[in-house]
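Consider the two complexes below, in which chain A is the common component and chain B and chain C are the respective partners.
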Partner chain A sequence: MSEAKNKTLLSVDSLEVSFFTYAGEVKAVRGISYELEEGEVMGIVGESGSGKSVSSYGLMGIIPEPGKIVSGSIQFDGKEITKLAEKEMQKIRGKDVSMIFQDPMTSLNPVYTVGNQIDESLRKHTDLNKQQRKDRIIELFTLVGINQPEKRMNQYPHEFSGGMRQRVMIAMALACNPKLLIADEPTTALDVTIQAQIVELMKELKDKINMSIIFITHDLGVVSEICDKVAVMYAGNIIERGSIDDIFYNPKHPYTKGLLKSVPKLNADDHERLVPIEGSPVDLINPPKGCAFAPRCENCMKICLTEKPPVCHVGENHESVCWLNVKEEFEKESGK
Partner chain B sequence: MSQTNNNENLIEIKGLKKYFPIKEGFFKTKNVKAVDDVSLFIKKGETLGLVGESGCGKTTLGRTILRLHEPTEGQIIYNGKDITHEDMLPYRRKMQIIFQDPYASLDPRMTVGDIIGEPLDIHKMYGSKEERKEKIYKLLETVGLNKEHANRFPHEFSGGQRQRVGIARALAVEPEFIVCDEPVSALDVSIQAQVVNMLEDLQAERGFTYLFIAHDLSVVKHISNRIGVMYLGHLVELTDSHELYKNPMHPYTQTLLSAIPIADPKVSRSKKRIVLSGDIPSPLNPPSGCAFRTRCPHATEICSQVTPELKEYDKGHFAACHNLVK
Partner chain C sequence: MAKYIAKRIMAALFTIFVAATITFFLMKLVPGSPFTSEKTNEIAQAALNEKYGLDKPIYVQYGKYIGQLLNGDLGVSLKIQKNVPVTKIIEDSFPISAQIGGLSILFAIAFGIPLGCIAALKRGKWQDGVIRVFSTAGIAIPGFVIATTSMLIFSINLGWFPTYGLDEPSSYILPVFTLGFYPMCYIARLLRSSMLEAMGQDYIRTAKAKGMSVFVITFKHAMRNSLIPVITYIGPLVAYTLTGAFVVEKVFNIPGLGRYFIKSIENRDYNMIMGTTVFLATLIILMNLLCDILYKIVDPRIKLTK
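Right, the complex of A and B next:
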């Protein structure tokens, strides 16, 4: 598993996803690109409606109707998966790529025992016999910290608490040793103390099985605990991406800066006033012509309203999509 | 408990209990002890924060203070007057609530103007239709909406705007005391800050007293003067907000604080975390003695026998734990 540590596992290139509704085409994801290496954890942050979940549904091939991948490519482990037939996709889904959903209360089937539900992917993707599968489930339950696995695997979801259900979901996702785990807001529905348990668990598992994780969340705190790098999404675009230190200590895009400033700090001694980002998120049926963030941006220039900003390399592996960065670069060069 | 009894206190509750009966079979009923023997006071013009995990009774406490739930036992004193058994109508003008879920708490078939106008109707706060309209427009303006919004329906608004409508509705009767029941939990981070700032501005302008309920400790710390921590229906710690973060006494508060993810990679890498094992017990079957003992790392024998009382350990710093030695 760990022969080449820096092998690229996933590369997404200008992916576009749209929903064709009666009201018009909703451009949920408008051309995003990123790469993920083996064993790496990438966070995707953004507000609701920024396209962070939809973009990852694309990786699983489970974009709900009436959504479609309009263009772009997704290379997973050297294979192009946007063009795969459903049958082919089913072989990858749950085996090489698996997902943890946001709400553990609704994403388990209430009429099957949890053991049965985990067993399903083992039956589909492995040649293990019944006893081996049972052993595997017990092993998984122990791994994610569920006590008395023999007894618990025969129980139904309603007999589990929220945190425990999320552990079941994680066990299910890990069943076939996936190379990539997509965690879609896995802790949002949980209390802080339970959230801490789950985050610790995922950190531990990551080191144990060396898988890549895409961690989707809106909580910057959780991101700073678990991720190696971060992509910030706004209105269907990745507006900034970079290593975790870049994003937190040297943010370049005004939206990222605003996001960091609008969270109250726990360790602040005095009462600091919060700096909100004024206005509200854009309408994706009619996205603005220029930069999507321009109407809310305090540094908005003329060009922002008419032209889409280019991707600027503001540092090593640090990209920001903003005209300000272009301006700074230009000023730097002409200053020399 | 030796909480001071002066007339600076706008709200005072003593030994408040709220049990919800659950039928078990034909004859047996069991009680869910949602709020169990809570006493506290809120001074005029101050913000008291209330934190705890889901199911700890913080929302029930907030609602019981407004008597949206009738208390099972205990006293609620408003401005020196016991209102536990009073007719609430005149007090509704002074005490209001902002609800948690802006998607569920606004009637989808009423226009925003009527939602805000309803409390004005009930308390007969206008002389003419014109005056009513003026008042509604003014309220909309106060919360950062404009008068064109008055004829629209709630579904036409975003979450942050709906929460503003909810706030305008609470402000309509010009109250003195507002229970904010997780007003920002359902909102996006960038919108959260807008609403928090607005609540602070309103308080500075009009001298409101808030009871601010939330599970997000960083927001609570930001807005509150004092904070109470609840666990399974009990108040386990109550103190000044800075003191609580600097010097948490109760083991539950300590774990709660260490569980908060901090948006600062360097801090979170170096942080040592106390991870609690297990879940919050069911309030139908709470543990004997101290409610927290099943998850507490320092639990001893006495914890399972005697329920600890809220005692003052430092000036204004109350905690309920057996293992705190002064």
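Right, the complex of A and C next:
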């Protein structure tokens, strides 16, 4: 856990990202806000297409075409980065903010040695000379648990296994001591044992290096292992956020509850079935007027279909965006 | 590597043998002989046939030719330059063709690659549109149209370049342009599509996330991955272009090797047909080998053992 009150490193306010396709404007991220302190680890969970990856590409300024940040602000280290020119962003990318991607098999350039690909970043962002850069790469490889670093750095990506490539990606991301690391589903494409190793490595690194991490995943187990706090995204919105304990033991939003119910348990009875969330994600070209989750929600009320729910503070640093929370609040007060 | 090349050369020799065999029999299937058009009587023709061994059964002729070929002897020309050794004709005309061909390949690469890059980088913008229309037109327009049109405009109307021969440096410009135009357009289109494919790959996103500039991303990360199709195309192209181009040599009156391919067939000049074919086959096989080695250099994943 992070130390008492730290400095705010990142503050995202009402960020909106859209993709302007032939079919229309796809509103992938529809106004999300959150803050991240130095050294804090935040998890972003949600199903495919909920906007978790896109929102983090927004932080890096690498939203793929035809996507664009429509509105909102991103304050990083006291700087508004949505307004920065491309050249300025290039100085931040890979140096202050870096990223690990989902598929290590395709995220490294197959025709250059891994050493070359890390060196490239060091050359751009630091003043180290050739020997120092080489030493740094060896140091990084040792840090992420790659044996024989001196030999391995001159090998090509195809000579590495999936897990090893993800270690290379992590080493690459850590090369310039970033203040913020965005891990975009770093374990999704790996098999379970390798997943465990990578999560273990990330946990170790988190303690060794005091940097903030945004951990994007749909694996709740991973979140509970390394994150301090969690934001749950659905259809481009953060629908609930709070500490690990809030989200896992006291979820307030029906979607979060649904997510937790759909995780298999080791101590389940025989033949106990998983409870899925019925229905499918909404169409983001024409998002519903009211709550985006309403069509799939067990507790859907009339108002949910017509009005957007407000952000409810359901606890200290625990927010949920749901009319049910408003109703509960109201009932509590009128019951008094 | 040395073992691989040795193996490939053995295979190449066999391929040349097969190519020579097929050509020999196909050639003999075509009616006529080198001497039919000559204003001689049947007795003289029979004498000529006997002199050059054309009166023997076909398998004897074949055996004799292959025997010669193994000794590096391509025989003498029967008609085009009577009694001049085919090797001598190739020796004289190939360097001229190779010069024009080599320059036009350099031209095609030097302009085709940047054009393809620009089109890919400016996808959907006007630059891309212009390059696409231009390069599609370049592929569609036949060489003789380009040759004669450019000659009309630049040599006759503007008087910038000579219309024929290779007497001065400026006379190289039009033939080289004409010959290199099609491959240039082809390379531009090929590179555009493979660059676009590469630009969509995950490792490009990784490079962006590292803060690399557009220049590094394009020329270091995307380019090298897009070169394989271009190399595949350039290999055989080099062989064909170096051995001369009939149209360009004809229009600009250049004494290259290209015209002998057509002329030798027209005249049933058997030894010339065989000589030029074996020469072209050898060059193509060599270029393919070179390409395979280049693949390995460009893409370390490719293994040269098979």
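In the analysis below, the second predicted complex is superposed on the first by the 328 of 336 C-alpha atoms of A that agree within 3 Å, B and C clash if a C-alpha of one lies under 4 Å from a C-alpha of the other, contacts with A are read in each partner's own complex, and residues count from 1 in each chain.
We take it that a residue touches a chain if its C-beta (ideal position, glycine included) is under 8 Å from a C-beta of that chain, and two chains touch if they have at least 3 such contacts.
In this text the structure is predicted, and so the values were computed from the model without any measurement.
A.B. asks: With the two complexes overlaid on their shared chain, look at chain A and say whether chain B and chain C clash or fit.
C.D. replies: With chain A as the common anchor, chain B and chain C both fit in the superposed model.
A.B. asks: Give the label of whichever partner, chain B or chain C, reaches more residues of chain A.
C.D. replies: Chain A has more residues touched by B than by the other partner.
A.B. asks: Looking at the overlay, does A:98 come into contact with chain B only (first), chain C only (second), both, or neither?
C.D. replies: Once the two structures are laid over each other on A, A:98 reaches chain C alone.
A.B. asks: Classify the contacts of A:328 with the two partner chains as first (chain B alone), second (chain C alone), both, or neither.
C.D. replies: Once the two structures are laid over each other on A, A:328 reaches no partner at all.
A.B. asks: Once chain A of both complexes is superposed, is A:121 in touch with chain B (first), chain C (second), both, or neither?
C.D. replies: It touches chain C, and chain B stays clear.
A.B. asks: Given the touch rule stated above, what does A:107 touch, chain B (first), chain C (second), both, or neither?
C.D. replies: A:107 sits against chain C, while chain B stays out of touch.
A.B. asks: Using the superposed model, determine the angle chain B, chain A, chain C defined by their C-alpha centres, to the nearest 10 degrees.
C.D. replies: Angle at the centre of chain A: 70 degrees.
A.B. asks: Considering only the touch criterion stated at the top, classify A:37 as touching first (chain B), second (chain C), both, or neither.
C.D. replies: Once the two structures are laid over each other on A, A:37 reaches no partner at all.
A.B. asks: Looking at A:260, would you say it contacts chain B, chain C, both, or neither? Reply first, second, both or neither.
C.D. replies: The first partner, chain B, only.
A.B. asks: For the overlay built on chain A, what is the smallest gap between any CA atom of chain B and any CA atom of chain C, in Å?
C.D. replies: 5
A.B. asks: In the complex formed with chain A, which residues of chain B make contact?
C.D. replies: Chain B reaches chain A through residues 53-54, 158, 160-161, 188-194, 196-197, 200, 215, 217-219, 221-222, 242, 245, 255-256, 258-265, 267-268, 273, 275-277, 279-280.
A.B. asks: Flag every residue of chain A that touches chain C in the complex, lowest number first.
C.D. replies: Against chain C, chain A makes touches at 60, 62, 64, 89-95, 98-99, 101, 103, 106-112, 117, 120-121, 124-125, 156, 158, 169, 172.
A.B. asks: Can you name the residues of chain C that touch chain A in the complex?
C.D. replies: 201-203, 205-213, 216, 220-221, 224-225, 298-301
A.B. asks: Which stretch or stretches of chain A touch chain B in the complex?
C.D. replies: Of all residues in chain A, those touching chain B are 47-48, 161-164, 191-197, 199-200, 218-225, 244-245, 248-249, 258-260, 262-267, 269, 271, 273-278, 280-281.
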